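Presented below are the structures under discussion, each in the form of structure tokens.
The following pair of complexes shares a single chain, chain A, combined with chain B in the former and chain C in the latter.
Let's turn to the complex of A and B:
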């Protein structure tokens, strides 16, 4: 199992670089992913997406469809891609500590 | 690695799990000319220096009894099954059959990334991403209402309509994430007044069984498509616009379900190119070229729709794509890539490499495609496959500072549509 280190903390990740266990998620993980995703500063909208993704995942065991995410946050799809340039399926889920979705996202 | 014992090679070959392919895939006539590796973008990549494999070496491994080393290697998984090696081989060696066998022999818990998980999810739920039917139906209806308000008054999603002319399958990544992209096909069907349907269950177009060489899964995914066609009494199944999915579906149809098609059954299958061309040629849709006026553009020949369809079935999607483009653009603005049609380079995302974990490899694989795109001087590259679109638009553009717009073929048709008021 691969391990990444960031600011003195270690995280176990899968082959795709996604967190192995949501329980080990924390602000340091977000900070680590932020850099690799090319996001300079996280704003309230980033956190809104992250929080909703985690809540939905904890209840349903899968990531929500982005249409649902868009409705709940009130953000248009284009804006979600602006927030997370590699996409809601890759960048946003990775930052939120969710597993990589099993589709061609 | 164990030292080779040349005294036992013949016996090792006989006992090999590749033994049947050594003759069936013509591996035994390979004279190591290197045409395969010379034409393969994987050869000499920086990101694979640790493994140091190429087509010719990998083929030798099978002949030298090193089958387990090949099964354990990354090489068969980063191969995008572009079929350049097969097309170029002067001896007709079916190299991809060897890589497929190596992938198939990999224990499922050692399949890279989320690929096997996606197969299991699809078999369990009917789509790769586990989208519940309720959410799917609601989303499709919601989007349809939106399209009706935006541009297509009265548009409704014809879910589970019985007896339609066309049966269409969705890519779960569009339903899950890129849902606005669904509207392009819907607009085209609307403008053509097409009688079409899509299923509320087992609607997934993609086939990760093909990507992981899980042939039983691939067959089951295709069987469900055929089952939907029969259940809904649809006349014509449109092979998925995803290149791998169209290949997987057609391979299985040809091998297992051929009897379900033909004049006596009332069922047929076509490529999406045929549908678009049919609509344009018969005047069922009208397009306005001026939408793309003065735009210098190029076309990316997807491996599965192009070279693979030609090698396996003698089809010509190359000309069909260019003919469709000629309706939507002034062809004086068209620039062919230096390597096109049978010589086209892969984008680097095929055979599961877009959703797969080998980021550095798929990016480096795409370098020749980038060179070809840049050589055209085009402002727009039109593509006919979702993985190709995403790889060029979301990966290669950034990685190679490639300043170009990327659109689907059906997207440029939809953009140029003249919708009657």
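Let's turn to the complex of A and C:
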């Protein structure tokens, strides 16, 4: 486990830089990931993805499968990659404060 | 994350060994080539010893004070319990037949990735502490003392062996490097050295539905999604029952097939096949993981996870288990199940309810592979198939290590493929890279983590090279496989070495080809890609999800 600091706030993260605890998620975390992901400005579509990811996670204990994310947001995968250059798992889930899925994925 | 070198940089491999002898050469922990340490959360969760925060990058790995004792006692204990270990420690004559057979050696040029030398990392400790010659003669007899550096070296190289067993095919004595790696990893685990990817998967599987940590409702949500998708694409709604007592068959797949693309399309294929047959089967929200990452860290943990299958089969009262396209699941059930959790005498010897075929090979563990099941259906003319629906797929087939080397499953997937794609669309890779000589994907046995990408690309290089050969020579555009780790790790490996190569499961192609009596006109495959002859109509509508 490591600790990252951003604008005076500290966050506990795993070795891949995913937030350890969704409860410590907040605008500062989003701001921090935004920079490391190379996203200039967050728009409504970014937030739509983040909100859906968090809602799904709270209900189901896991991030939605990519195809379900695509269906629920109405965004094609290609567009999700445009929003989050490192992809729905690494970029969007990280920004939303979700843990990374493991296993055969 | 470490910067990934370019394919040009990675393929510039030096096979010049270091000037100093191997005992005097310490491993350099190169970014991108080692797996991250497991966080204490998982270790505690599973009640494994010595949970702590530590990092491979730190000089101090915070080993327990009596680590040496633990390792040596553990070694001695295992020498007594596993005849294989004792035999493999003594029997190697260093003929070198294995030395250039490992994909990690081929891709890295590091001599310690020669299986003979990888085993020597353990053998040298065995000699020093458990043989008279080694105790007396020391280095002269190939023995060396156990130090923290030795432990670090084990960690580095035992996690650069994917337990694929390719080397053992070439060893005249049949020394099984995977067995040694498994036991070595167990010993590392006994002093609290585990890797994050495996521990997180195992912890999740122990507590929830499977490795990905899905809850039962998330699992159901995904399977229901496939049923809707099947209806949208084919007009056929695929019915599923969950945890249904009294069903004839329990169906278990690796979680990659219901969570990660392109495995999800394979799952749609399974569901279509079962709907077509009207199969009396159920799926479980408890035992919903065909994979067993426990097997990648210790026999004990593998046994714990494998028990889930059989407890659930017993609880539901099914006759036998049908397993999906998973890799190491088959090694586990064929080679370990009966001594770990068996015998499964509360189940029946599997018989196909459609063809009446007895699967005598599954007499012991009562599990049938979906490829055996499907090939048998085709052989008996039970499926109406339209290969032209896979005409856009020109493929080669990767023998996944465990089903091929672990259970001899060579013909069945090929037989299915030949029946679901047009003649001439299936091209084999060169003979020394397929069947029992197949090259590993480079990411088996818990190496899916991104921190390890460079090593994955190195280890996957020989496989990718063979794929590139058939792409360039025959225009192959798909790589088929029957393992969920393959389906997860091949897409980035192909993007890196063989851009443009799609990865596909065999059951997905069965789903494409299967002709239902009441189906609607098919213009796309399960991925919404236009079938040959329907390309233009599709361009106007779009509808891709990839």
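Heads up, the rule we're going with is that the second predicted complex is superposed on the first by the 102 of 105 C-alpha atoms of A that agree within 3 Å, B and C clash if a C-alpha of one lies under 4 Å from a C-alpha of the other, contacts with A are read in each partner's own complex, and residues count from 1 in each chain.
Quick note on the criterion: contacts are C-beta pairs under 8 Å (C-beta built on N, C-alpha and C of every residue); 3 or more make two chains touch, one makes a residue touch a chain.
These numbers were taken from a predicted model, which means no experiment stands behind them.
Novice: Have a look at where A:88 lands relative to chain B and chain C in the superposition and call it first, second, both or neither.
Specialist: Touch partner of A:88: chain B, not chain C.
Novice: Could you look at A:59 and tell me whether it touches chain B, chain C, both or neither (first, second, both, neither)?
Specialist: second
Novice: Check whether A:67 is in contact with chain B, with chain C, with both or with neither, and answer first, second, both or neither.
Specialist: The answer is both, since A:67 touches chain B and chain C.
Novice: Now for A:102: first (chain B), second (chain C), both, or neither, which partner does it touch?
Specialist: In the superposition, A:102 contacts both chain B and chain C.
Novice: Identify the partner contact of A:77: answer first if only chain B is touched, second if only chain C is, both if each is, neither if none is.
Specialist: both
Novice: Where on chain A do chain B and chain C both make contact?
Specialist: Dual-contact residues (chain A): 14-16, 62, 65-68, 77, 99, 101-105.
Novice: Looking at the complex, which residues from chain A come into contact with chain B?
Specialist: Residue positions touching the partner: 14-17, 62, 65-68, 77, 86-89, 99-105.
Novice: Would you mind writing out the residues of chain C in touch with chain A in their complex?
Specialist: 1, 36-37, 39-40, 53, 55, 196-197, 200-201, 204-205, 208, 210-215, 217-218, 221-222, 225, 229, 254-261, 263-264, 289, 291, 293, 326, 448-451, 484-485, 487-488, 542, 544-546
Novice: Hey, which residues of chain B end up touching chain A in the complex?
Specialist: 112-114, 117-118, 121, 128-131, 135, 139, 142-143, 171-173, 175-180, 206, 242, 354-355, 357, 386-387, 390, 394
Novice: Tell me, which parts of chain A touch chain C in their complex?
Specialist: Interface residues on chain A, with respect to chain C: 1, 14-16, 59-62, 64-68, 70-71, 76-78, 90, 99, 101-105.
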